[in-house]
Structures are given as C-alpha cells and as structure tokens.
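These are the structures, in structure tokens.
In what comes next, subunit A is part of two complexes: it sits with subunit B in the first one and with subunit C in the second one.
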Partner chain A sequence: MRRRNWSLPYALFLLVFVVIPLLLIVLYAFTDEEGAFTMSNFRKFLMHPEAMNTFIYSIGIAIITTIVCLLLGYPAAYILSQKHYNTSKTMVVLFILPMWVNILIRTLATVALFDFLQLPLGEGALVFGMVYNFLPFMIYPIYNTLQKMDQSLIEAAQDLGANPLKVFSKVILPLSSPGVISGIVMVFMPTVSTFAIAELLTMNNIKLFGTTVQENIYNGMWNYGAALSLIMLLLIGIMSLFTNDEDNAQNESGGVI
Partner chain B sequence: MMKKILAKGYLWLLLALLYSPILIIMIFSFTEAKVLGNWTGFSTKLYSSLFSGGMHHSLMNAIWNTFVIALLAATISTALGSIAAIGIFNLRSKARAVMNFTNNIPIMNPDIITGVSLFLLFVSFGISQGFTTVVLAHIAFCTPYVVLSVMPRLRKMNPNIYEAALDLGATPFQALRKVILPEILPGMISGFILAFTLSIDDFAVTIFTIGNEGLETLSTYIYADARKGGLTPELRPLSTIIFVTVLVLLIVINKRAEKQQKE
Partner chain C sequence: MQQSTYIIEVQNVSKYFGEKVALDNINLNVKKGEFVTILGPSGCGKTTLLRLIAGFQTASEGEIRIAGNEITQTPPHLRPVNTVFQKYALFPHLNVFDNIAFGLKLKKTPKQVIEKKVKSALKMVGMTDYEDRNVDSLSGGQQQRVAIARAIVNEPEVLLLDEPLAALDLKMRKDMQMELKEMHQKLGITFVYVTHDQEEALTLSDTIVVMSEGKIQQIGTPMDIYNEPINSFVADFIGESNILNGTMIKDEVVRFAGHEFECVDKGFGENAPVDVVIRPEDIYIFDPSDAAQLTGTVSSCIFKGVHFEMLVQTKEGYELMVQDYHAFEAGREVGLLVKPFDIHVMKKERTCNTFEGKMIDEQHVEFLGCEFECLPQTQFSAGDKVEVQIDFQNVILEDNEEDGRLTGEVKFILYKGNHYHLTVFTDWDEDIYVDTNDVWDDGDRVGITIAPEHIRLNKL
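So, the complex of A and B:
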C-alpha cells in the first residue's frame, strides 16, 4: 500500500467530525424546525434586543480585554526576548504555564482572589479574569517574533542616530507586528466566545454571547442556536483574515511550548 | 542597571498577578475551613478526604472519567494522527494543502463552535450522547495537534533512509517500524502529552457532547458545583494536585523539546 494512502482514514475522520458538523451549523441556521429554508433565525437575532445587546457587549469586553492584554503583555514579551536582561527559558515557561490549567479552575481562583481581597464581583472582576485567563496567549506570539528579530537592525538604527523612541516606533514595533496581530486574534477569539466564565466572575449578573449560544442549544432551540453560532463564526472568520501565513510557519516548527 | 531592575521587577509583578489566584487556592487547600479565605489552622484533612471517597464519591467518579477519557482520546489520536501525518507528508502538494487546511480548522475554531457542531452531528444522526461521543469529540480536537507535532519530525528525516531500508531488503512494514517509527517517536510522545492535557482540560466541547445521563467529567463537575454556589472544599487540594502535575509535565515536554532543538 502506498504511504500517501495512509492519510485516507484521517481524511474520512475529518470529513465526518469536522467538515460535516460545520456544514450542519450552516444547515440548521438556515432552516426551521421542519427543515424548510428560512431566514427567520437571523431575523429573530436582529429583532431581539437582549441577544443583540449581549453580542455587542461581548465584543466590547473582548476589545477591552485585548487592549489590556496588549498593554501588559507587550513589555513583558519584550523584556523576555532581550538577551541582556538574561531572563531564563524557565521564565518564559512560567508565563505560558497558567494556560494549561483548567479554565474553570483558573476562573474560580480569580473569584477566590476577589473574595479574599473583599473586592466586589462585577465588570472589574470580569475583565481581570479574562485578562488573567488569556494574557499568556498575547505574550507568547509577541515573544516569538521579537526573539527572532535581527538585533543588528536595532543597532543600525541607533548608529544612524535614532533616539530610543524612534528605534521602537520605526524598527521594533513594525518588525514585531505579526506577533502582535496573532496575539490580538488569540486573545480576542477565546474572549468573545467563552461561556460560563462570565457568569462565575459576576455572580450571574453579566452574560456573554457564548452563554446565549449555549442556553439556546440547551433549551432545544437548535436552529436559533446554530444561527447564533454562525454569527460568531463569521465574526471570528473576519478576525482571522488578519492573521497571515507567518503564524503557520511558526506552528510548523513545532515542539517547544 | 536601574533599567534592568525595573524590567525584572515588572516581570515578577506580572507573574505575581498571574499566580496569585492559584496560590490562594494552594494555600487554602491546607486548611479545613469550608469557605475559602477562612484560615482555621494547618491541616491536610482536605487531601485525605479527597481520596477517602464516601460523600465525594461523585467527585472521584468524575476524576476517574476524566482520566479514562483523556487516556483513550490521547492514545487513539496519537495513533490516528501519526499515521495521518505519514500519509499527508507523502501526498502531492495540492492534496497536502487541503489536508493541512482541514487539519487546522479544529485548532482555529473556538471550542464552543466545535462543541455546537459536534452536538448537531450527534443529534442529527440520532446518536445518544454519553461516554463514546465525548471520546469521539476529544479525538476530533486532539488529533490535529498530534499531526502538527509529528510533521516536523518527518520533514527533518532524511527520505533516503527509508528507501535504503527497502533496497536492503526490508519489507515496507519493517522499514516503517525500524526506520520511520524511531524517527517520529519524539513527536508522537509530545503529541500524546499535548492531547492528554488538552483532553483533561476541556470543558466547552465536553459539555455539548456529554448528554444528560449523569456522566460527569471534572470540568462539568466543577461547573455544576460552581453554579450551585458553594464550591466543594475538596476541589482546592484537587486543583493544587492538577496544577503541580501540569507544571511537571510541561517542564518535561519543554526539556525534551529543547534537547531536540539542540540535536
């Protein structure tokens, strides 16, 4: 048997468990309970102020979380990538590590911290929890691109008389932009699509769009739930158009966490 | 010098922020108080009651299910993903691009979309949800990572060794076992560990595919528990154990990867 045929079982598997399920989302989104074509699921979303508000609010929270992660994460990634600060590889691992702890445990830990410090649970806790959950996703890609940056370019800029601010804005920032973009996508996407997290962080006071999707699916409104999922998928699809192939190249080198 | 201290200080401050919630859980796992934040003296009672069963039977059950599901999902996805990687590697470039693209979909998709899509798959075909569907769902989102960790090993391999083995009279199966397998084994191990941790960690996909026949994994247990308001105190030692385990696993993977890179 030729070795290229070895991809056949997996091709079949991907068809059944990845491609068909995604097509089913589209199918359910555009049909009613009897299976007839309809746009009413989307109309329902547009006419339903609560769902609409949750959607916009979720995007807002995702944007705020992304900005805070960028502001906190960029300097950290920069320091980690500079050799003369001699930060060790373990330090990088320490920043990535929380990513691997169950998201619910991390969230409950945040709730515990707020309780411990007797801070109220609400919007503040929500943003803190989201930043806490997703900051590593911002630091890691930026660190990766900064680390690969050619240091002599910075030296050249300095030699040619650029001040530190100029060096940063004209050399370092543009060179690190692929990492910044993939960091933004990697924080924005999970933030906008989480469910259950927001409820835990705000004692059920704030609901995000992911929860709306889950609740509808749970309550048997599969078609409406599928339509909401498709809307989320579109939002994320638009976001991921901004990522370029450079990240894929990074992934393919594989291995190191 | 000043700059260096400031820079390091910033990193440590950020780390303190990242780790303070988990540290609080760890510290309060060594006291008996029901409510987190109450220190009633040092005690390891929560650790012993976590393992003594009894009233926390359902928690132990959930841990067991999580472990079995992760082991099954990681084993099957490692096998499926490694075979697939060899196949994809030998495909012609167009077919390979299609396979790589499809392989990336579950990685790019948010968990909730993967969860909803698999839920719709199972309900459309009238498959009742439970243990099997959770394992299948986990294989679906773990295998792409195995493919991604085996692929670089194949790319680095000298393609002539396999041909040489065949020329020297090895059957294709022997050549696979004696030549290709040892080369990709490190990638398979990394893929397995990655798949295992991803499966243990998963919440979003599990909750959509677990059905309502009483099956619980750790994530769904914690979720149900948290929604009821009170958090079972035994979850504190459990989180601590999980955190330390993940820490050790990650350091092992990283050391392996560093060694691989040096080679």
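So, the complex of A and C:
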C-alpha cells in the first residue's frame, strides 16, 4: 500500500464527522422546515431579545471566567515554573490531575460541595464551576512558555538595571504572551459554548447560549438551532483568527495551540 | 566613600554549591581601566566568579567591592556593572534600538538623549542603520555586537564579558578580538573578560588571571604568564610546553632528561625536586654536533603553517616537542640545545601522595575511605592516626573499577617527557596523583590499587 493512502481513514473520518455536519449546519441554518432558502432564522435571532440577551450574557460569563482564570492561573504558572518551588514537577501534575476526571462528574461533585456548604447555586456557583473546570487549560500553556524562557534574558534585564517589578513587566510578561493567548483561547472557547455546567450549577435557572442551542435542537427546531450554532461558530472562528495573528507576530511559540 | 585605587576588590571569596566548592578563597584586585581576563578550563569557576561580580549569584563567604563600595549582597540591578552574555541574551520581543535603549529607558533618560546614545553605541560596534531590525534576523556576530552595544550604552564602571566570542567562527572571533581591544582603549572603562581560550587571553589582556578548580593559580601580564608560569598547570594550559621532572643540583644548575644544564634560577636549595618547563620554540634543533646538549631521533614532523612541530626522542628516553622554521624529517638524528634563560624551573607542589589515615590493626590501615593492607607494623596500634605516603609511580590504575580498592576519575593529564602525571579524583572526594606510562583519557573511570610494601606510614 502506498504511504499516501494511509491518510485515507482519517480523511474519511473528517469528512463524516466534521465536514458533512458543518455543511448540514449551514444548510439547515439557511433553510426553513420545508427546505426552502430563507434568512428568517437569523432575523428571528436578531428580533428576539431573549436569545440576543442570552448570547450577550454567555459572552459576558465567558469573559469573566477567562479573566478569573487568567488572574488565578498566571501566578500559579509562574510559581510552578520557578525551579526551587517545583523540583519534581509534582505540583504541575496535581494541577492537571482534575482533568483526568470527567467534566460532568467534576461538576456534579461541585454541586454536592455547594449543597454540603449550604451555598446557593446560581451565577456565583456557575462562575466557580467554570473556573474550576477550565483553570488547568489556562495554567498549562502559560507554564510551558515560562518554563522554556531563557533565564539569561531575566539576568540581562536585571543587569541593565531593572528591579524585579520591571523585569516582570518588561521581559517576563511580554515573552509569556503566546502562552497567555493560548490560555485565553483554550478557556474562552469552551466556556462560551458550554451548557451542561450551567444546567447543573444553576438548577437550570440561568440559560447560556449553549443551553438555548441545545433546547431548540431538542425541541425539534433544527433550523433555528443550526442558525444559532453557526453564529456561535463564527464568533469563535473570528476570535481564533485574531489570536493566531497575535501568535505569529510574537514569533515565539510555546503555547498549546 | 572610601578611596581606593582598585575598581574591583574581591576578598577571600568562596562559593559553595551544596557540598561542591566552586570558588575557594579568591582574592583579586582590578585596577581602573584595566583589561583583565579570567582564564581557565571549563568548570574551573571562572564564570561563577564573574556572576558573583555581576550579582546573579551571591558569595558564600568573603567580600566584593566595586569602586570602594561593598556590594557583596547588592542585587544586580543596583550594581554599576553591565554584562555581555555568552549567548547574547537579546530580548526577542524588542528590536535592535529597543534592546540597546532598555537600560537607558529604565533610568528615565530623555528621549533625544537615548536616541543620540543608542546611535553612537551602534556606531561604536559598527552597526549603524540597524536600529529597526528584528534581533532574530541578525547573524551571530551581529547579535553579539548589539549585545555589546546594549551594555556599553549604559556607561558602566565595569564591563563584564562572559566568553562573548565563544559562539563565533574563528575568522569572526579574530576580528571581534581586535575590535574589543580598540573599544576598550576608546571607552577607557574596566573590562573583565572570561574565556577558556588562552590565545584570546594573551591577545587581549593587560592582566591574566589563570584559574583551576576554584582557585587562582597565577595573576600576571600575558608575558609573565607565558614566560614564567608558576606551576606545571599554568605552563601546560598556556601555550605548548615540555614539562619534565628535574632536580635542582645547586643554584643555577638543574638536572633533567639525564643531563645537567646551566640555568638562571636559584634559591631552591640543593638536590631539590623541581618541574622544568621548556617552550618548544626555545629548543634549538640542528644536525648532531659538539654543540648539542642532547641528541635524539625525530619521531614525527608536522607542518603547522608558520613553523614545523617535531617530536624528538632523546637517547635517554625522553620525548621533547620542538618547534622550528626548518623541517627535520622523521627518522633523522638531531642535536638539541636549550639556553639557560629558556629553562624555567618551578618548585614541585608535591613529591608524593600524602593522606591522613587510621590504623585498623597491625596489617591494615584506613585512608581515602577504604581499608588497605600494609606491611606488619609494630610502632602503631589499632586506632592510631598516621600519615600515609605513597609515591606517584606506586599507585596502580586498573581498567576495571571492580579490580581496585578504590575508584575514581582521571581529571587532569600532564605529559612529562617520559611518563604521564595524572590527577585522579577519587570517589572519596580527594585527589590522588599517579605517574604512569599507560595512556589514559580525561574522564576515564579507574580502579586504584596500592601494594602493601609501597605504603609508607609515619607518625602524625
């Protein structure tokens, strides 16, 4: 068998599970129930304040989650990358360890924890759950770039008169930005489309955009659901394009994406 | 502020990394405006010393002063020094201009001044018009120039250079050496330069500091270091040399290679064991005649560009390296002559191995962490502390580590004309010195044995 043929199963896989579903989403999004071309699905979204509000609210929650993850994750990654704190890499493994557990089980455990502490479920619980679930995705790429950073650059900055604060702001932070961007993308993309976490942690009281899509599809509104999916897809697509540009400009890879 | 003639004063500085001694009681004074080179093989502590002066590491013991101010514990950003790093360490996220302006911007220098200074620094290193270039797009030599410009633009009291030319190719390195020397003269600031390249050190420096195993071996001008090496290590490390065992018969007479020679050294006493160093270019080589002090046969002759390098096997069994502009082909009989002032006599650091030991019983003694059999002793009883002496030639090295009582690693090899003098670092962390005719390599793992009759025990 010729070597190029080895890729055939993968091509087939991509066709069946990625390309065709994507085409179907586009097809459904631009047609009505009879299969005729229409823009009404998109019009409905724009005219419908509820869907629009959920959309904006979802983005808001995703932004908050990403910011909290960044604020918690950067110092954690920085500490992990310092050799004297982390000689055996045990700490890194401990941070990554929760990812070995299924996301639903982790979320159910979070619900149980809130019940046990008699804390109310709702917006706070939602952000907590999302941060808890996605924090490792922020820490790891930042840790990676920090760890690979040439120590002599930090020494050079000190040598040129930079105090520890300046060393951080002028050298460490700019050089770790590829990792930060990777982390932001890895946290923001899944949080904007999540729905299971929202359902469980808010007792289904708060709807996220992912939930709206799921509800519509579940209730047989395939065309409208597909249109909503497409909108979300475009949002994520635009965002990843923007971050890829940044990444190339930096010319210093090391992130996960 | 205390007035001082020295810009850098290093006093009794030691540095330990855990158990390992990286620097052992270093004392060094550097005059203002001097070009000082710290020279030594890798792992000798030269870079550690530079990093202590720069402030990236702090001394375990001792004191460092720059311009009269005590700075032993001062963090690097508050020291009046700048460093040129071996791997350049340019900031990849900044262009050439911003890299060079980094230090000035931190000092809140006015914009026009920064621009002027950066431009003149770039001119100094011959990189005018490169301001907007990305540092990754520059060649190694260009990056090194930018790194130098980034350091000198801050007008430091002292410029520290950590093997700055090590990554460049030979031609580029030679050019940069000349430029550095010119730069030093123009700027008038003190340069402290670290290198393992002896030729570079001889070319550039006002003063050379030769280091080995965390200690300073010799401080002197390039001429001093080359012509009057203080011990066999320095002689071997700087340039080519013939190092032989000799005996100082009396003042101005030394015996080596089976003959007595007239020399200019005195004050060693009578019949004192010494090391004799003769540079290969100081040996005259000619067809056998009455003028010859030594006669022998050429065993190899290699053309080296400027001169020929010949190995001559003398009748007495010594091998000498000779450099001359004329070739004497292998197999040819030759006569050799050395002038008295070209014979450098050095006191031997040691004439035999000496350890501290403890008697186990009548026939066993413990030293270097192992038990050795010795001849039956009557004057010592078990538990007595004794001085153990073993002559260099009586230490036997074994290929198989298991065959030896003790194991170690060959660390330093010196050819002495008719045998090798090895320094073996034992796993007990002490050196043992060995004379052998066998060829060993640096880093070889060996077993060490000593015959009972060769262990001399003395009262402590």
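The rule is simple: the second predicted complex is superposed on the first by the 239 of 257 C-alpha atoms of A that agree within 3 Å, B and C clash if a C-alpha of one lies under 4 Å from a C-alpha of the other, contacts with A are read in each partner's own complex, and residues count from 1 in each chain.
Assume contacts are C-beta pairs under 8 Å (C-beta built on N, C-alpha and C of every residue); 3 or more make two chains touch, one makes a residue touch a chain.
Note that the structure is predicted; figures quoted are calculated from it, not measured.
In the superposed model, A:Leu80 lies in contact with subunit B only, and not with subunit C. Of the two partner chains placed by the overlay, only subunit B lies in contact with A:Ile103; subunit C stays clear of it. Once the two complexes are laid over each other on the shared chain, residue contacts for A:Leu22 go to subunit B alone; subunit C is not touched. Set side by side, subunit B and subunit C differ in how many residues of subunit A they touch, and the one touching more is B. Looking at the shared chain after the overlay, A:Asp159 reaches subunit C, while subunit B stays out of its contact range. Shared-chain residue A:Leu175: touches subunit C; no touch with subunit B. After overlaying the two complexes on the shared chain, residue contacts for A:Ser240 are found with subunit B alone; subunit C is out of touch.
In the three-chain superposition model, subunit A touches both subunit B and subunit C at residues 251-252.
The touching residues of subunit A, when paired with subunit C in their complex, are 150, 152-153, 155-163, 166, 170-171, 174-175, 250-252. Chain contact summary for the complex, subunit C toward subunit A: residues 54-56, 75-77, 81-83, 85, 87, 89-93, 102-103, 106-107, 136, 150-151, 154. In the complex of the two chains, the subunit B residues touching subunit A come out as 4, 7-8, 10-11, 14-15, 17-22, 24-25, 28, 36-37, 80-81, 83-84, 86-88, 90-92, 95, 99, 102-106, 108-114, 116-121, 123-124, 136-137, 139-140, 143, 147-149, 151-152, 155, 172, 187, 190, 197, 200-201, 203-204, 207-208, 218-219, 222-223, 226-227, 231, 235, 239, 242-243, 246-247, 250-251, 253-254, 257-258, 260-261. Of all residues in subunit A, those touching subunit B in their complex are 1-11, 13-14, 16-22, 24-25, 28, 72, 75-76, 79-80, 82, 84-85, 87, 89, 91, 93-98, 100-106, 108-110, 112-113, 115-116, 132, 135-136, 189-190, 192-196, 199-200, 210, 213-214, 217, 222, 225-226, 229, 232-233, 236, 240, 248, 251-257.
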